[in-house]
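Structure record follows, encoded as structure tokens.
Each chain gets a letter, A, B, C, D and E, in the order it is written, and its residues are counted from 1.
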Amino acid sequence: MSATEVVFYIIATFMILSALGTVLVGNIVYAAIAFALALSAVAAIYLILTVEFLALVQLLIYAGAVVILILFALMLTRARERPQALFGRTRSLGTIAAAGLLAALIGAVVSTDWVEQIPRDDIEPVPFSGIGDAIFTVWIVPFIIIGIILSVALDGAIMLATPEEEE
Amino acid sequence: MFWIDHAWILPAIPACAFGLLALSGRFLPRQGDWLSILAIGSAFVLFFFVLESHLDSINAGLGGIATTGFDWLTVGDFTLRIGFTVDSLAIVMLGVVTLVSLMVNVYSTQYLRHHGKPEPRYWWYFGVLSLFAAAMLALVLADNLLFLYMAWEGVGICSFLLIGFYYERPSAVEAAKKAFVTTRLGDVGLLIGIILFWRATGTFQISEIIEAAQAGRLNDQAQIIGDGYLTMATLLIFLGAMGKSAQVPFHVWLPDAMEGPTPVSALIHAATMVVAGVYLVARLLPLFAVAPGALDVVLAVGLITALLAGVIALTQTDIKRVLAYSTISQLGFMFVALGAGAVGVAMFHLLTHAAFKATLFLGSGSVIHMTEEQDAQRLGGLWWRMPVTATTFIISSLALAGIAPLSGFFSKDEIFAAVARSESDVVLILLGVAAFLSAMYMARLVIITFFGAPKDLAVIRRAREAPATMLVPVIILTLFTLFLGFFALDQVGDAFGFPGGINNFVYFPEPEDFAFSATVAAATGLVSLLGIFAAYWLFWGRNARRAVALRRLQPAMAAVLENKFYFDEAYQWTIDKAILPFGALIAWFDRMIVNDTGVNGPADATRYSAFWLRYHVTGRLPDYALLMIVGIAAAGALGFLLRVG
Amino acid sequence: MDAGEALLLLLLIPAGAAVAIMLVPQRYPTAIRLIALAAGTAMLANAIYVFAVYDYVDGGFQFDLQYVWIENVGFLKENGISLHLGVDGIAAPLVLLNGIVAFAGVLISWKIDYRNKDFFVLFMLLVTGVFGVYISQDLFFWFFFYELAVLPMYLLILVWGSTNKEYGAMKLTMVLVGASVLVFVGIFAVFVESGTGTFDLPVLRAVEFDTGFAQTFFPFFMIGCGVLAGLWPFHTWSPDGHVAAPTAVSMLHAGVLMKLGAFGIIRLGIEVLPEGTDLWMPVLLVLGTIAAIYGAFSALHQTDLKFVIGYSSVSHMGFVLMGLGTMNTIGVNGAVLQMFSHGVMTALFFAMVGALYDQAHTRDITQFGGIIRKMPFFVIFFGLAGLASLGLPGLSGFVAEFHVFVGTIDAFPLFAAIGVLSAAITAVYILRLLGRAALGPFNTRWEGLHDLTRWEWAGGMALVIPIVAMGVWPDPFVDRIASAVLELPGVEQIGGRLADLPVIRG
Amino acid sequence: MDLEYELIIPELVLAGLGTLVVALALTFRAVRQEVWGYVSAAGLLLLLILTAVFYINENDDFANVLAVDNYTVLFRVFFLGIAFFTIIASIQFAGDRLKNHGEFYGLIMFATLGMILLASARELITAYLALELMSFSLYILVGFNKLNPFSNEGSLKYMLLGAFSSALFLFGLSMLYGVTGTTTYSGIEPDGVEAGRNIAQQLGNFGAQVVDSTLPLPADVRPGLIVGLVLIVAGIGFKVSAVPFHQWTPDAYQGAPLPITAFLSAGGKAAAFAFFLRLFSEGLLPAADEWAWMVAIMAALSMIVGNVMALRQVNLKRLLAYSSIAQGGYLLIGIVALNADSLRESQDAATALVFHLVGYVATNIVAFAAIIAFYNRTGRDDIPDLRGLAERQPYLALILSMGLFSLAGMPLFAGFATKFIIFQVAVNNGFLWLGAMGVTASFVSLYYYLMVIKQMYLYQPEGDDVARFRIPLPMMGALTVLMAAVLLVGLYPAPLFNAIDHATAMLFQGF
Amino acid sequence: MPPLEHVLVFNAILFAIGVMGVLTRRNAVLILMSVELMLNAVSLNMVAFAVYGRVEFGNFTGIVFALFIIVIAAAEVALALGIVVRTFRTRATANVDEVNLLKW
């Protein structure tokens, strides 16, 4: 069992724990922080999987932008001024259902022989540079589309969020 | 030989007359009664041509049976035929029908006038009369059972229309309905019987059916018609005959049918339509003969009817009702004759009965028309106010009673002879009782109507002798009543061109000789006289107190008699307590079970399920997500079960 | 003589009339009526033409006409779906029937003034659908028209109906469409099983279906169509529907629409799946007999004129089903005859009841009495219809019922007896009805009544004539019907049994 | 690499048009806002005509990820048509009740773009992005009535559940990717990669591997595949609002502004089905055994629940929402009937599906357009409010009832022909029970359509506003044209049917 | 390197936790966070498959997919927050189970 594996298991466990924190803690702000931690853990796992580029993006976009946005939202909706139960009435049922789903997923995951042509110990790291080429040649269409999506989302978000003069 | 092959012209003429009258009757002069008379008259005249050519064919040794017709419709090799046959049996009926119809038509021109001006729907009356004549003639001439059935129903509907002629009277409507429905009940049997015979033989042709039946009986090769089957079918047909001829227990409609105008009663409910049953059985007698037990049934029914009706007739006070019951009982006599297998005799009695009963009815019609009163209780002493009517009435009553040498004597005597020949003495004695009764009630009727002191001065003051147009037909018919009987004698027959007398003329299936036996004649004559005397002893003038005493002696008995053995009540009870409730039950079942449960039930169930199902869309987002996940988990599990594990 | 255009015209005239009426503004009700009348007359003439020109000596399907709709695409092969028209000896009289009833219906509904535009549009649609069903030779279009005939019924009853109309309309529509679900499924199955890739009926008729399959899917057609024919115990929609519907619609409905059901049993059931008849036709016969007696008894109890007639329709359609159930030439022939006879007769009934109801605003028999004094023609027409329905010889009813009984007794004497009995009960309630309402002492409450308007009179006449004609001279009808019935698969030919009796033929 | 941009001109133009309208509207605020509606409508119409005229009848693709074949072109025309009529129908509505018209019409066009891309994508990443493009635009549009709490709520639920479902969908995709190692449906390959790596082929190999174990493939991938398929079906099922992923539908429909409800029920559903069909026929057909049963269950549930729920509705939009759930059930039958063994039968199924889709969408837009016209006048959309419409505006009542009859599958109208075909196909391909269930369900549906029609024709107008009213000309024209289309499809569908059959033929070229 | 299955199991757990969050939380923002967790699990999956399977150089399918997912997620958050804020303006709550005007 190599060092990377040890590190992986530690980080993965940490990821799970903080994720649990996100969905379980009673305080919204703590939840947000746990959320950020989980995202960072994910970034770390990207690193372990030798995809530095994604790790970077993850840190920038998620742990950066998204978390900030969410904190803004929490403030805008004054979630803190009005402390209240954060769990709906479907809590127990939801947990059970999620557990059922988890069981199905794990069952599937372990009982499947996944595509694994090469022994996993001589996987060479994913080249940082190639990704760019791929995006701008092979995946050009999705790239354009994502541009449109972003503009749409932005436009929509602004339009919806701007207060009307009636209010 | 032309006319015997074209006898279909006889019914055709009055049919056309009906068409004309129905369409334009109102606008014709005299509302077109002459049209009807003309039609019937010409039919009557043509009857003689037919008779003549018939006799020719007989003398030519052609057997005197001619049939013509055309195919009505064809399905594959299933053919329905409108066919006419002329044989002596038909000839006799032709004569009766045309003659009586003509008389009644003439008579009605007066009868249906009130103080000289025609009653409402005068034209309609004559129209239906000629329609009836057409249907009746067709019935007589029909050579296959289907066509016969059609005509049969035709006369039925005419009787319905004529009984209900005064439809403002609820009683008339009721009577019409009763008549139609009751006979219809018999017709159910008739139709089924007919079709059963078709089923067995594949034809409706009477001759062929008889042939097949006899063949099936005679040579015992694979029986075409089994005995039980044959008897059943035959008796079903007899059911129809019972209905039309008002035999017990179907007799109840006939007395009520007297609601119709009296001439109609004379024509339809005495002379022609009601004897259609007799005619039918006579036509099919060979079937009855080969069907085991059928004839016995006919005899029994006839006998019972004759007795019951006779007894009831004794208690009735309404002239027409008495006559109606007497008709019933006389029809019983005819069936007895048929049951004894003596067609000729039966037809002979039919003939004579037609004559005297028509006379009686027309006579009573005159009385009623003049006095506007038909309850014998309130008449009386009329004989000197309207002597002609009285005379004719009395003559024909005597005829009915069977007093020699009137026609009735001959025919009834024949019946006795036939019965004596073939049946046991019990039957003979019972028949004697019936004869005694008929003599008695007729005498009673005459006594309380024409003799004794007038009971109601107003009535008696109104009474006048009927006008000529009404008298002439009556007189003519009386003449027939007087002399018809003699046609039974060979000599007379020879003189008039049909050798061997009338029974011999009506040979079917084989000739019957006029068997005059002095003993029988004496017996019957004696019985009749006894009857008349009994009537005198009980009802003449002051003797009436004896009747009263008798009633006081046996009140229950009297009640039973006066209520006509409770037949009507029984029927009423069946209808009210059985049939209508059953209809109600079915209707309820239809509403409650079939509709509200069977049809609305599922619909409501669906709507309610919708009502409850609505609540699964709670409007709360987590619930939505939950359902999605549940669905996915379930699908995953199912997938593993189905595809992997 | 394949003037198939005549059939196309049968569809185009009413459809075109519907469109034309749609274009006329509601402001001119008379113009609308006149258009409708013109269309009705044209249809009648056209129907008579078809009936008269049909050559029963050749028999078979005539006036053949085929326009391809979709073919050679996907699962559809040659003539996959095509507007294929044709008339055989069974359809010809029914086409005539529809022509007559539609014509009379137009006349009868002359006095409708509330939105008569919409009324006549829907009416014409209905007529189109009915014609279409009778003349379609393609399963798809058969079903198309079948649904089309049911569709306008809802609005017609809903808007112009009378008693408890919402319920009646909804029940009628739902029951009929629900029944057609079965037909729908049956059609699917037949198409697949046949493997011919076409809905063309002649092709499908030629296919030999496996007996097991046929016996499985025959009831889909038998019940699905039977419901429309008032098959017991699925009949209750019909009395309620009749009661609720406006006069002309009741006429078409009882007169023509209910025949579609029986017709469907012949077209889809007997012709396409003859292999299933042995198993199921006896069932149909039993149900038909039950309906006959059951309807008669229910009618005994009713006091609402339309209910009486509605249940008598159930009873008479029972005769039709009986006749079909016998599966022999005479019975089936009688069934078709009865379809025609009952169609005209019941249409006349409803026309008259409507005429009375419009004035009296009640249909309760007990309320009336002696109205013959005021409405002689009403009573005459009504009486004629009544006599026809109780099977009086000389009128159409007798010919038909007699055939049915003959056909039935050959196989099932007992049922024939029941049938005849119910005919007798018919006499009871018809006469009871006449005696109560039309005859007897005049009820002065009805001083105000006047006799039929000339439009009603004309409509009545149009219906009386065929009743009498068929009763007196059924040959033209029987020839045509027999030419088709003798060809029906699985129908046993009976009659003329004497041929094999040595004793008779010497 | 060089890309043939001429192949996707319509998409580019559409994107440009959308941006243009938004930008212009933001720039010239003074101009009457209706103008932008007419501008975009005109642009769409032009584009529509051009697309229809230059009907590319070839099987080509753009950058290996966008198929440009008959199927694509058909749906281009289809979606452009939907957008056009939606905009026509919404001009008056938006003028009376909405702000920011520029964004409104622009978003409609972006959504349309997403739909077209969705129909033409033959690669999962592209498809996913197109899906999100459409969904985002729709999220915003549903919430476009900013001050109306219903609108907000609808939008919120739609948005969150949409995100949730797309996450599930993505997990499914990742599973699929893990199993097959690719995201391309089938056929043409991305450059630079050796041939033979596409979903269909991989799955096919798995099938083949049972018989021939020499192939260098993993022994058993079925569990992962099934879970992936379950999640994918769930994700798409959400978009086509199939039971049990349907509950957002009535809320979103009722909350959204009426034209958007129409757009949602027509375009959104149609696009999802176009994607569904292409993915499952081009890509996943070899694994039909693994998913057919799921879709069958979904179809059955949708037909039952949708129709039964609709029975007791009082709000027209909600009623139509449930009816569209049921219609989704009928359409799913087409997916179920896809058959790995016989391409011909599969193509029949595909054709039938698209056929019914077209018929249903046309009819639905008719119904909604009529309701919009009514709503513009009265501002009410409950069923009892329709009372006496036949008196107040007979033409409208006629159109609406025709539309409803067509939805119920009654003859003369599109609904009858298309339903007949799709059910027949189901039975042909061995799903008699589904066909029977479909017929029964549409029989039940007749009830609630009739209830609506009853309101219009039976009762007299009530309330304060009982006057007759007129419909603006463009709306009238749109209604008439659409109804003509519905009648045409119902009475002579042969041309359309043939065109669709040619289009769907493209889906089965990879085999 | 850890075996692929283990990575996948962790992803699955992460995903399930996200699902649980969506099902149990009532605050819209928290639900959003849970969705983000699910998305992260997905992209991790993608990357894992891409890396452990053969990464097609010049193609990078899985990795690119993950990249796009991240971007979309960000846009999604932005949009969602816009809507949440809008709802909060009209309804003064961010709790989804109090937002149930539309039901049945």
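The criterion applied here is as follows: contacts are C-beta pairs under 8 Å (C-beta built on N, C-alpha and C of every residue); 3 or more make two chains touch, one makes a residue touch a chain.
Keep in mind that what you see is a predicted model, and the values were worked out from it rather than measured.
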Touching both subunit B and subunit D (chains): A, C, E
Contact-graph distance - origin subunit B, target subunit E: 1
Taking each chain's C-alpha mean as its centre, the one farthest from subunit E: B
A-E compared against C-D, more contacting pairs: A-E
Most remote chain, CA-based centroid, reference being subunit C: A
Chain ID, smallest distance between chain and overall C-alpha centroids: C
Subunit C-subunit E separation of Cα centroids, rounded to whole Å: 65
Distance from the mean Cα position of subunit D to that of subunit A, given in whole angstrom: 30
Whole-Å gap between the CA centroids of subunit A and subunit B: 103
Distance between chain centroids, defined by C-alpha means - subunit D, subunit E (Å): 25
Two or more partner chains touched - positions in subunit A: 88-90, 93-94, 97-98, 101, 104-105, 107-109, 111, 114-116, 137-139, 142, 146, 149, 153, 156, 159-160, 167
Subunit E: positions in contact with at least two other chains: 8, 15, 18-19, 22-26, 28, 31-32, 48-49, 53-54, 58-59, 64, 68, 72, 75-76, 79, 83-84, 86, 89, 96-97, 99-103
Where subunit C touches two or more other chains at once, by residue number: 174
Chains that touch, pairwise: A-B, A-D, A-E, B-C, B-D, B-E, C-D, D-E
Subunit B residues within the subunit D interface of the complex: 606-607, 609-611, 613-614, 616-617, 619, 621, 623-625, 627-628, 630-632, 635-636, 638-640, 642-644
Residues of subunit C touching subunit D in the complex: 69-70, 73-75, 118, 129, 140, 143-145, 147-148, 151, 154-155, 158-159, 166, 170, 173-174, 177-178, 180-181, 184-185, 188-189, 191-192
Residue ranges of subunit B touching subunit C (in the complex, touch as defined): 72-79, 146, 149-151, 153-154, 157, 164, 167-170, 173-174, 176-177, 180-181, 184-185, 187-188, 191-192, 195-196, 198-199, 201-203, 208, 211-212, 215-216, 219, 221, 224, 579-580, 582-584, 586-587, 590, 594-595, 598-600, 603
Subunit A to subunit D touching residues, read off their complex: 104-105, 107-109, 111-116, 137-142, 145-146, 148-149, 151-153, 155-156, 159-160, 164, 166-167
Complex contacts: residues of subunit B adjacent to subunit A: 620, 622-623, 625-626, 629-630, 632-633, 636-637, 640, 644
